[in-house]
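Chains here go by letter, A, B and C, matching the order in which they are written, and residues are numbered from 1 within each.
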Amino acid sequence: MEQIFSELKFRTNGEGFIEITNDLNLFIQKNNFYSGIFNLTLLHTSASLTINENADPNVLRDLVKYMQSIVPNDSYLSLSKNKEEIYYKHYQEGADDMPAHIKTSLTNTTLSLSFQKSKLILGTWQAIYLWEHRFNQKERTLNVHIIGEKLPNIYNKN
Amino acid sequence: MEQIFSELKFRTNGEGFIEITNDLNLFIQKNNFYSGIFNLTLLHTSASLTINENADPNVLRDLVKYMQSIVPNDSYLSLSKNKEEIYYKHYQEGADDMPAHIKTSLTNTTLSLSFQKSKLILGTWQAIYLWEHRFNQKERTLNVHIIGEKLPNIYNKN
Amino acid sequence: MEQIFSELKFRTNGEGFIEITNDLNLFIQKNNFYSGIFNLTLLHTSASLTINENADPNVLRDLVKYMQSIVPNDSYLSLSKNKEEIYYKHYQEGADDMPAHIKTSLTNTTLSLSFQKSKLILGTWQAIYLWEHRFNQKERTLNVHIIGEKLPNIYNKN
């Protein structure tokens, strides 16, 4: 059993999804791993990792719209009990600042995936996405870490 | 340290929970593993894995009702800011189609669990559930993957 | 590759956050691990583990307020479709009982983290929190499990 650690960089385009499945599979293959655990840690508090449908782009569009509907950007919350309006106290970086932290806490910044035959184990309709919650373009850093078994040397190209 | 990969199949009964804790413990024991990491990947985008209370069935009933209250099946969302109604664009498989993807994104499709003495490490009141979000019966496939140490040979029955 | 299992205890102070990053790093260092996977399992169904901002305490305050706004303590839910009010059926331990289970299901009770150079891999602004959802003080038990490589003996103090 061997380990490897590295970082991958992704440029996002405002609130929405960047598919990263292929980048992850390439990382496995480039490093000659055959099977094991692939741990992802997104090093940010205003973007997430999520697994969802890879076929109809309207799923991704509807996910963003849904999140906007339950996490308002207008910097106040209506408490259900007494309808008191409470304002976000953390808003210094703009209207998308605190909403992005909330959306992050409702999803995940880490994933522990399995891979076999040098490929992530996923269902036919599943893909892995970096989910940007801020309005602006950002460069995001993903820590990647594998514990697993390498291909027998006979198959190694390195 | 050794690895094993396999798949378990579960039949669901519409929106709600199937407890899978025993199936997972049996898989560990049948394969003579003693301690390690147990990675679960549910190969679907409209069902989840979750850990919650195993005692009062009303907890599970209330969880489903709560999810229905924040993720409407009636194919529109009320945006909090301007009360504009926006309809789901992904609804081709029915009223539970997009809501199931949303409920999946608010929970998890993967879990990385720990086990020791051939048993998952869980609190007294915790159980692991497959959470079906679709209305109809479905056959769901769970990929199971262990990295860990096996029982010493003297205890092995195989 | 070696394993270690243990438990850490934390006392919480009602609904809110306890930062546990340093406790986790100390556990890695005390046990002379250098790199690997650090699996956390919180052995409860009314508290969570989450990664979020470590700088402005208003982020944590706003996260609690937000969760209170979408998970009411007053033991009923307004279904969006027909405005029917449905009461929690699980309320025996008080107004914070079922809401705590719901908040747990919207976040995580397990995390699979990576560490290198005897330190958790996290972004500059990230910290790991135990998120208490009950009103009262509680003692919470966190199972900690490492699979990884130890420091070479020359550096070991034990």
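Methods note: contacts are C-beta pairs under 8 Å (C-beta built on N, C-alpha and C of every residue); 3 or more make two chains touch, one makes a residue touch a chain.
Keep in mind it's a predicted model, so treat the numbers as computed, not measured.
**Student:** For the copies chain A and chain B, give the interface type as same if over half of its residue numbers appear on both sides, and as different if under half do.
**Tutor:** Mostly different residues form this interface, as fewer than half of the numbers used are common to both chains.
**Student:** Upon optimal superposition of chain A on chain C over Cα atoms, what rotation angle is obtained, reported to the nearest 5 degrees?
**Tutor:** 120
**Student:** If you average the Cα atoms of chain A and of chain B to get two centres, how far apart are those centres in Å?
**Tutor:** Those two chain centres are 19 Å apart.
**Student:** Residues touching two or more other chains, restricted to chain A: which are they?
**Tutor:** In chain A, the residues touching two or more other chains are 1, 37, 70, 78, 106, 108, 112, 147.
**Student:** Show me the residue ranges of chain B that touch chain C in the complex, using the header's touch definition.
**Tutor:** 1, 35-37, 50-53, 56, 58-59, 61-63, 65-66, 68-70, 72-74, 78, 106-108, 111-114, 116, 121-126, 147-149
**Student:** Which residues of chain C touch chain B once you look at their complex with the stated criterion?
**Tutor:** 1, 3, 5, 37, 39, 41-45, 70-71, 77-81, 86, 88-90, 92, 98, 101-102, 104-106, 108-110, 112, 141, 143, 145, 147
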